[in-house]
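The structure under discussion is supplied below as structure tokens; questions concerning it will follow.
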Amino acid sequence: GANDDPLSNDAGAGSSTGTSTVTIGSANFAESELLGEIYAQALEAKQVQVKRQFNIGARELYLKALQDGSIDLLPEYNGALLSALAKGGAPEGVSSPDQVLTELKKVLPAGTAVLEQSAAEDKDTLTVTSETATKYNLKTIEDLKPVADKLTIGAGPEWQERYQGLKGLESLYGIKFKTFKPLDAGGPLTVNALVKGQIDVGNIFSTDSSIATNKFVVLDDPKNLYLAENIIPLIRTTANNPTVSGALNAVSAKLTTENLTTYLAKVQVDKQDTAAVAKAFLTENGLV
Amino acid sequence: MNLSYLFDAAHWSLSTDGSIPQLILSHLWYVVLALIIGTVIALPVGLYIGHTGRGSFLAINAGNAGRSLPTLGLLMLMVTLLGLGLTPVLIALTVLVIPPILTSAYAGMRTLDRRVVDAARGMGMRPSQVLLRVELPMALPVMMSGFRSAALQVVATATVAAAVGLNGLGRLLIDGLAVNDYSRVLAGAIVVAVLAVVLDLILALAQRWIVSPGLSGRFR
Amino acid sequence: MITFDDVVKVYPGGSTAVDHLSLELPTGKMTVFVGPSGCGKTTSLRMINRMIEPTAGRILIDGKDVAGQDEALLRRGIGYVIQHAGLFPHRTVLDNVATVPLLLGKNRKEARAAALDLLDRVGLAPEFASRYPAQLSGGQQQRVGVARALAADPPVMLMDEPFSAVDPVVREGLHREFLRLQKDLGKTIAMVTHDIDEAIKLGDVVVILRQGGKLAQVGTPQELLDHPADEFVAEFVGRDRGLRSLSFDTAAALPVKPLPDDLVLDDAGRPEGWRTADGVRSTAGTFLTSDSLRLVTDLAIMSPVGIAVRVDAEGKADGVVPHHDLVDHLAARRGQK
Amino acid sequence: MITFDDVVKVYPGGSTAVDHLSLELPTGKMTVFVGPSGCGKTTSLRMINRMIEPTAGRILIDGKDVAGQDEALLRRGIGYVIQHAGLFPHRTVLDNVATVPLLLGKNRKEARAAALDLLDRVGLAPEFASRYPAQLSGGQQQRVGVARALAADPPVMLMDEPFSAVDPVVREGLHREFLRLQKDLGKTIAMVTHDIDEAIKLGDVVVILRQGGKLAQVGTPQELLDHPADEFVAEFVGRDRGLRSLSFDTAAALPVKPLPDDLVLDDAGRPEGWRTADGVRSTAGTFLTSDSLRLVTDLAIMSPVGIAVRVDAEGKADGVVPHHDLVDHLAARRGQK
Amino acid sequence: MSTYLSNNWDTILTALRQHIWLALLPVVIGFVIALPIGYLGVRFPWLYHPLVNTAGVLYSIPSLALFVFLPVLLGTKILSPLNIVVALTIYTVALLSRTVADGLRSVDDIIVQSATAMGYRRLRRLTDVELPVALPVILAGLRVATVSNISLVSVGALIGVGGLGQLFTRGFQLFYLEPIIVGIVLSVALAGLADLAIVLLQRLVTPWTRFQGSAA
């Protein structure tokens, strides 16, 4: 499944209009790519032609790619997807996985669908180093309130605008940080900046192995600012068929937060090849 | 084309964090730093090679090799090695400006009329005087054109600083992209291009000022 | 005096540019090096101010070996005019000329005033001072080059084909000016040219080099023309040797006859022409006692009656020389030598 | 025949380069344009092949106005030798020469063979054929330029200072070769030079232009030397006019005396020198009947006894001319004119 | 490093192949477009400065911005490699049209004149004389354009189409040096090879330049 000739790629992307190739995309972070690879291998096991188009970028970019038919399928997070699609962000009071899924289905763009969501969840978190936690006695997001004006927070640039970012923190928790440093969405920049003390609070995903590696402290979210973030395949309806949905639903059924964290650590910490890790996951769960 | 971001007065207040003027200033800061560091490194080397004629093979090929280093890769490598901050960005940008400055300094020295240099020596100028009073002023036009193209490139490329959490006009591109705000991306692209043109204009004026009319043909 | 003492120059690569050259360039005189392309003229010249170091032998200026001296200081005391002038394109004419005085630490104002004076001496009006070299014609550039070399009033001047870049008419003018200047200044000059005519016209001493950097002959122009040492020199000084040698004798000793009746004069006594069967025909020119025998020969040939007319400083005719008398004079002159 | 019919060229900006020029350049002859820098020589030449269009007037080649003709076709029929040769640096010498034949649609093999032949004619060995221009000396490049212009065997040739880039010795050689070539080929040639000596040596007809593009005089070299139309021409053809005019008369009509006793001959009858009080001294050269009177004059002056020696084709002395006899001959020659 | 290489061989090769395509196709297209544009800048001298200035402005548009905007302007799909190709073609044209113009302008006027005087018509003179003589300058520009294109392609990785640039983002996300180093090395090597190829081509098609400056 190699896209050696980039110009033929355009034609390949037209797959959504009838041919049997499914182009799978991913966001530009390791977990998304791993999930994409798992989807890809699961489909290949069912003799579905697959084309990989990983590492596309932020959600805003890859959703566009999905809508214009550049890609057919993506691993998504139900909460984040909902806030991206719903006008004015996710409705208030919606936070459980099922509530989120219900709301999400209402706002999906025409021509796209979600399949069954998995139990595996990868949430946005506010995370601090253990030193910071000790120093300010931090356990939950609420504890940040008295000290936030002394702290710098780092997250993806999109946090400036999102409800599930700075806006929600201010309106729901009444927290306003001293400065915001635009970095990456739970990626290496944020982790690194946190380690080096260039930021005090970072937005890191809950499955990220760096939390364990660096002994970070994840702050609880008692007011449920962050939605459920169950992993869910988002697909163009033209690419969907029983074979495809069957294979993907089987994957979703086996995915849990725990096994995802474990396998992701193989990629992030042990630097194993993504394809190999995906293959191991599928084999061990009897999916291939 | 949606120009609303660019023309929104709120984005132009100097006191707001992340306003366009602030981003321009930080952008210029990176550009100027990179140009200064690059010049300090490349100019003496280029002048030396041009002056002595030794290592000209190196000069020509180092120029092209330097250009072939992908700035993005270098930046990511440096961040991975050194962590966040100004240093990795400056290294990546400096590597970008070195080749044009080096090759033009070399070419400027090589293409100047050797007979004039000969005359200067024959008049009893010492090597340093020959370099500073004769070769350098005569090589200036070529050197300036190299410097200007370095400046153009680094203005455009300094946008990558935003990709690793720094400021500069790249913020408009990266943030705009992240929040799906094309008007902001467009504003970024336009401001960068205008900045480049203005900078080039200033350098062109500077060139007119420091290059002798005897060389430029702009006689008073 | 500049002395070449058994000087050899072998370039890396093995070509011998100057081969055991021993020579003396007299003080206050102009010595011209001439010879075919590649015979080592430029190399010889440039060894004097150490732009090139000899492989063997010594060069002395007034008895002092140049090799022992600080290069830059040595050069500041030797004017150097380079082929195609080599002016600094980024400096005005004035600043070009003032270069060496400034190097020597003169104050700027003085140096410029002196430079302006020099421009005048080489025949450039003050308005040229603020121009750049690119705004001058080739001949004007050459003059600036000469002025620049003269600026520090160096006792010694080196000139490498200083007049080669200009057309013959302008060159003629530069020659005249240069001779006048040298008469005033009396510099010790070493000059290179590949034009034998120029060498003979300008040189007090002419050095002829042959291929391989060997000395072919050295002597006054007259000596070279009259007694070429060998075939090479004879060929090099050219076929017109006889006529050319007449250039060096003035008409002072030439006996004249009184004015004949058929020479028509105006009221002031100036010749108007010869009365012939066809009417009055031009004398085709006149000569002064300070003119050369060559001019007299030319006039005698051109004259409609074969007689050259001599005039005094006011232009009044004061004697005539029939062609036959001239031939007799030449024979007598030959006998004296 | 090339006819200039009241031709005017005013450049944009108002400078008049050619001012009402009417002229005829005879077929099969070489016409040389000469005059001070900027007098419109190049402009005149380039109007012939329409590189420049006249402001007014017509230029005709064999009665046909060039203005009506297709530019490219016209030019292919006119050889053009440009100053500094203007060779194509990216083509070999052979391909440079073959350019116009190929443009005219000749097949490559033929064109190359013809080019090789031409290289031979201008004195370049076949091994030069595969070199690039940068591998040639200045003089060799000039020859290639001439060969290239000749390649299509055009009846008309234009040459703009074709020999100016080379040193005097090489130029001399090129002149000789060119005269020999022209004798064979009999092209109609218009040539530009700023060197009056060259003009006089090479031209069948010489056109002297003055500043402002005005015709000063046109005529054979002899006519110009003997009867300059005005001061400007007289000054331009120079002071040596009398001597120079002797260049055009051969020694054929010069009466000789039998060999005197004091002329020493070798066994083959070739002159060895004059026996004088000091011993045997060189004759300083000999002349043939085909040599010029100028050479004879030169020899008479140089001779230790004032007598020039004539030899035949084998070099055997066959007569002598005392200087006085020569002077009488010149007087007689003057009377005939 | 070797385990990384053996584990990711396919990915690397795929990225490399895409990189070659994305970098070189614009060079070819850009060159073909730049030739007539550069020629116009010489044919009509008043066009030269506008041309040079426009090229300067085009060159100063950040590549990322161009990559993002082209889909909007062209109506191409967001992930279409066409965006990269068009963007790099724009840069190439900006760079080369100036070089072509400079190259043609550098042809000694005497050579052009003598060609004209020999009866060349304009087009044939351009193809037979001016272009070949200008080739050394033009090819020098082509070297620069090729090399900088090869380094620019990787920026496309920020929007998902970047050839070897994908190795950079990959390594960067994992804080993992190997892919970045492999990417840089391959990119530089590719540039070096392309550069060498053009140099060899230049030797082949401009044999005369070897003698210039040596004799006469």
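By letter and in written order, the chains are A, B, C, D and E; residue numbering begins at 1 in each of them.
Quick note on the criterion: a residue touches a chain if its C-beta (ideal position, glycine included) is under 8 Å from a C-beta of that chain, and two chains touch if they have at least 3 such contacts.
Chain-to-protein mapping (UniProt): B, E = Glycine/betaine ABC transporter permease; C, D = Proline/glycine betaine ABC transporter ATP-binding protein.
Computed from a predicted structure; not experimentally measured.
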item	value
Any chain in contact with chain A as well as chain E	B
Path length in the contact graph (chain C to chain D, fewest steps)	1
Touching both chain B and chain E (chains)	A
Taking each chain's C-alpha mean as its centre, the one farthest from chain B	D
Chain whose Cα centroid lies at the greatest distance from that of chain E	C
Pair of chains with maximal C-beta contact number	B-E
Chain C and chain E: spacing of chain centres that average the CA atoms, whole Å	58
Chain centre separation (chain D, chain E; CA means) in Å	53
Chain A and chain C, separation of their C-alpha mean positions in angstrom	92
In chain B, residues with contacts to at least two other chains	79-80, 177
Sequence positions of chain E contacting 2 or more other chains	157-158, 169, 172, 175-176
Chain-to-chain touches, reported pairwise for every pair that qualifies	A-B, A-E, B-C, B-E, C-D, D-E
Footprint of chain D on chain C - complex, ascending	36-37, 167-169, 194-195, 239-243, 245-246, 284, 295, 297-302, 304, 306, 323-324, 327, 330-331, 334
Chain E to chain D touching residues, read off their complex	108, 110-111, 113-121, 124, 129, 132-133, 135, 206-208, 211-216
Of all residues in chain D, those that touch chain E in their complex	49, 51, 71-78, 80, 82-84, 86-91, 99-100, 103, 131-138, 140-141, 148, 158
Contacting residues of chain E [partner chain B, same complex]	56-57, 59-66, 68-69, 72, 143-144, 147-148, 150-155, 157-158, 164-165, 167-169, 171-172, 175-177, 180-181, 183-184, 187-188, 191-192, 195
For the chain A and chain B complex, residues of the former touching the latter	57-58, 60-61, 64, 154, 156-158, 160-162, 179, 181-184, 188-189, 192-193, 196, 198
